[in-house]
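Below are two complexes that have chain A in common, paired first with chain B and then with chain C.
The block that comes next holds the complex of A and B.
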């Protein structure tokens, strides 16, 4: 078992503190073990932090490259022109085809996306399969009225500057859950300011509620 | 250097250590948990716009307002309607399970004609035209034979437009045999008719009462409008005391302020014992008794004959000592009950067992109702009132031909209103006996059944089946493959309540007259048709006088014309409170011959000259079976989580039943540990319960809350039809009991039967 001595110092400098490796350092394999450990450690750290997020999400394009900024310029009531509250207080969410076709029965300009919209959706009377960045699971009850009307919050506070975008950004879909990456947030560690609007996991709701109302809220407020 | 096994282990350790420091495990854990919620086979409503539709639940006589959430065309959830005065936004487990009736597997999907033997389950789907013409053909044939009176129709209720339509049809056709299933309201309606001269349903203003003395009524087990009662129990506060007198520690008793255990079947005696104490101690309402009642004191009639009054009867025959002996309730308790009841501001006494499907003894009902008279709490806020049915628009008179006229003059097949039982209106439980004892052909040649399931709900299932086998033509309008439907010749499936229009008049036991409107919340899921429309179509194809009685195009048109003044409000809100209801126009005024509350009912057809029989009295109902052969007494009980009427228990509710009530397919019989010790039985043991009417395999559940010598069993199990989610579970209590007709009213009074337990 007695092998070459010149590896002894290397092993000593590399890991003065690892008792196990240095204890068996006489045989010279200690530093290799450590090396493999470090390779494993660094490799998995790199994989987990750098490649995993890209693996987890697939990227999809919206069916129509919608220009929010352009539309904001021609409507009178800002976001609420299309994303309005119904009479009963419920929120309409993404406008249905009928809301769009009111203006876009015929092309208003020369934009190829508009042409595509009219030909592929308006004429055949087919709903546009928009990919919703803020879509929540069925078990979550969220009232826009309570937030926008009740707490007087602005759309931007949660949804970011959506109204000023000129292109529909790609939709990143979680391969496992099918929900948008916006919910978890673009930063996989959920650190720093979010890129587009607020993150929308349950803890984000609770944190904001804690901050603004002094209480995280009860289960059945949202999980009705 | 040498790379060996240990190096790779080290690599692995490094990967594991590194990975825990990355988001991979934590993020994946979160994502996987969400992924498991979105498995494709998990039932999730389709994406789409949601809407709410208001309607009224018709699964029980409670008439709760509901709102149904829909995603596109599919109903996904039923909730209580917040503004409805009965349920105030809440709902019972049955109402919440309502969608299982709409989409469940036991529905009849199209009109069916039997092709195999009866009950064999071989059906042929037919068109609606064929179904209507088959019914018409049979009805025509019976009219040609001058036998229109051999047609009978069993309908779930006699209130509202559908029963009125059926009644009108039978009148025009020539049959007096409209029958509805029995309920405790039969006894109450008869009692207030005799004692107050008033016709209508009896309502109990429990919300405003401060003392409720219940003689075995299942206030919390489905009685009246169950959601209303749940709310009242939920809001129970110090100012309202509920006292439950019952043989068994039921849910109602367990949640009451006081439970008074009593010997089974002696509730009427206790009521009179309480009356005795109240009279002896002058605790009754002197002004009401002095001014507004008849028959309290002794009196002399026009012929100069002396009659004893209620006071004398009670003082002579129902002293606390005698009553204590009969009822097993100690003398001191009887006195305390009487004093507390009398001293309360707004006391109410309620009669009737369980959820109220058993009419019970008329004299017991009258005895209990006498207590309400003694405290003068009749037709007042916080008291017991008679509510007349809301008035609908008047329809043109029916012109009938000679055949119909002759048919209408025939006595009713169930004997109600005849010489023996002149005051009874419907006696469905007598029908099997009448048919089985008839010589020659059955007096019922064609039976129609809608919103009812007599083959399950009538006592003595075996005899009922034998009787139905003698009826040559049996038509069910059930939406579900229930016991009666599966045993019939034709099934003409009705829409379920979420698919049809129907008015729902005043909820059971409510003081406030309300009309609710059940509306189609979804389009009919299957090829079903409203029973009202079928009646109109059959009338049309019968032609001549029958056709002329129905000047309406369809049921909806007829309903609209009936509810003329209320229609707009009903369409919008779903219910209407009928005006003047809270004014109690009848306070202290009665429609009897004397214009007073009559302890001695002058309207009653008196078969005996015995005053003590004419006054509210206690005559024990003899139950079947010899004590030597059957040492125990078997009683049924009702539960909120188990329907026992014509509506089969939905799977959601069956899931909630404790495994001391049903385990696997076997039902438990409750037995007192002392009784169990005598026969050497232990908890959970399998046994056979035998009664003079039948035998059943059960398990035993030792329960201190049941009196020694008495055993109890839930009602609502033992279905043989519907779907695999209901059929074959437990035993139908009606297999084990037969009916006992009240000698006074003819109503079924069989509250129990003698039984024995054979250990397996």
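The block that comes next holds the complex of A and C.
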């Protein structure tokens, strides 16, 4: 207390004219630092988004370069020939090895990918570690039956023209979250038409539900 | 789903537990642990931090032998409708993260552990202690991880969890109904694990709004009561007991309390 009392008048009387100016100068330099910080932040964000948008993602190739178009030509029931509903209403998703080996016990053609598939997976009876573009976290419940059977939606609405692809595109994994790039969407700003089917974040589900059913739905509609 | 919200098909899933039939065997608790991936500790002697979505209380009339009577009371989340059935259970009203909500179409009070940040307001608000806090990350000894239910997401340290009335089973039943082009699911298609495991059929589960379901008739039985009914939490779990002291204990009357009417007046004044 004593020292404070003594120092206060000293500093007051010592700089009656200059104290004001130096105070302003301090304030001003603070703003400049903040301005530089903001410019730097915007610059680096914009630079990253514009010039290195893929830096956030690591790329992986599918174990087998699958040709959807070729298979669509030889099956009878479209997508549901391989991606079928089970009797209990659950969705099979990516076909298991057994579904494939029904036809591919022996090579059907001369395609090296098919040969690789048979030698590496069918013969040793090993499941193919497919990378799922639309893989959701563990806590998400998604009912294919509700959408495809209940709401009569087409596969293409969410998955895009997957059935027309001749090559399996690389799977891009978000380095931070570990999820597929398809979930966030290919445009970092999430603007414009999605490139490969619909974006699949929670907000995207809620938006579509709000639009089509008038209600976002309760938590348990999609969470488990 | 539009047709599910606020029209005449609105369901109120609930339970009727017959305490005259309950033997306190604990099969419902075991079934619940297995079904919902509820974590357990190596040493479960300290029940204060045990996790369980349904647990059994032992009630006694407090009289000396030979008049002693024991009653076992299994208690899951009561899935309160709140005052006036507006879907405002005590826990939902206080959650700052909207990690729990009331499903208008089924009446189930949800809990989304991935959204919860563990403030535990809901636990403080819940008069039934139905909500449990994960003090540790779950540890699955040896191979038990392989036996986890894939339809229920496991929780992590620092979040609250509670009974969901096995909602994943409802979802599965709905899936089957969609595939078969049905609007409604059958009563037998959606039953929680505890109700199925009960060896004495003390737990009956169904839609309380549907006159065809067994619970509809049971809940109007003269033996029926609900826990802490005077708090107006409006639970969807009903209990049946032929013993007056059990029914009184359910509403938590203290020995020196007189009549429920006077208490209600006291609360509102």
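Going forward, the second predicted complex is superposed on the first by the 177 of 224 C-alpha atoms of A that agree within 3 Å, B and C clash if a C-alpha of one lies under 4 Å from a C-alpha of the other, contacts with A are read in each partner's own complex, and residues count from 1 in each chain.
The definition used in the following text is that a contact is a pair of C-beta atoms (placed from the backbone, for glycine too) under 8 Å apart; a residue touches a chain by one contact, two chains touch by 3 or more.
Predicted, not measured: the structure shown is a model, and the values here were computed from it.
By the touch criterion stated above, A:69 is placed in contact with neither chain B nor chain C.
More chain A residues lie in contact with B than with the other chain of the pair chain B and chain C. In the overlay built on the shared chain, the residue A:36 is in contact with chain B alone; chain C does not reach it.
In the overlay built on the shared chain, the residue A:138 is in contact with chain B and with chain C.
By the touch criterion defined above, A:210 lies against neither chain B nor chain C after alignment on the C-alpha atoms of chain A. Of the two partner chains, neither chain B nor chain C is touched by A:167.
Of the two partner chains placed around the shared chain by superposition, chain B is the only one that A:56 touches, whereas chain C remains out of contact.
Of the two partner chains, neither chain B nor chain C is touched by A:115. In the superposed pair of complexes, A:146 makes contact with chain C only, with no contact to chain B.
For the contact definition in use here, the residues of chain A common to its chain B contact set and its chain C contact set are 90, 137-139. Considering their complex, residues 7, 28-29, 32-45, 47-49, 52-53, 56, 90, 137-139, 174, 176-179, 184, 188-189 of chain A touch chain B.
Taken in their complex, chain B has these residues touching chain A: 1-4, 6-8, 10-19, 21-24, 27-28, 30-32, 34-35, 37-38, 44-45, 50.
On the chain C side of its complex with chain A, the touching residues are 1-2, 5, 99-106, 108, 110, 112-115, 151-154, 164, 167-168, 171-172, 174-181. By the touch criterion given at the top, residues 85, 87-90, 137-139, 141, 143, 145-146, 149-150, 213-215, 217-221, 223-224 of chain A touch chain C in their complex.
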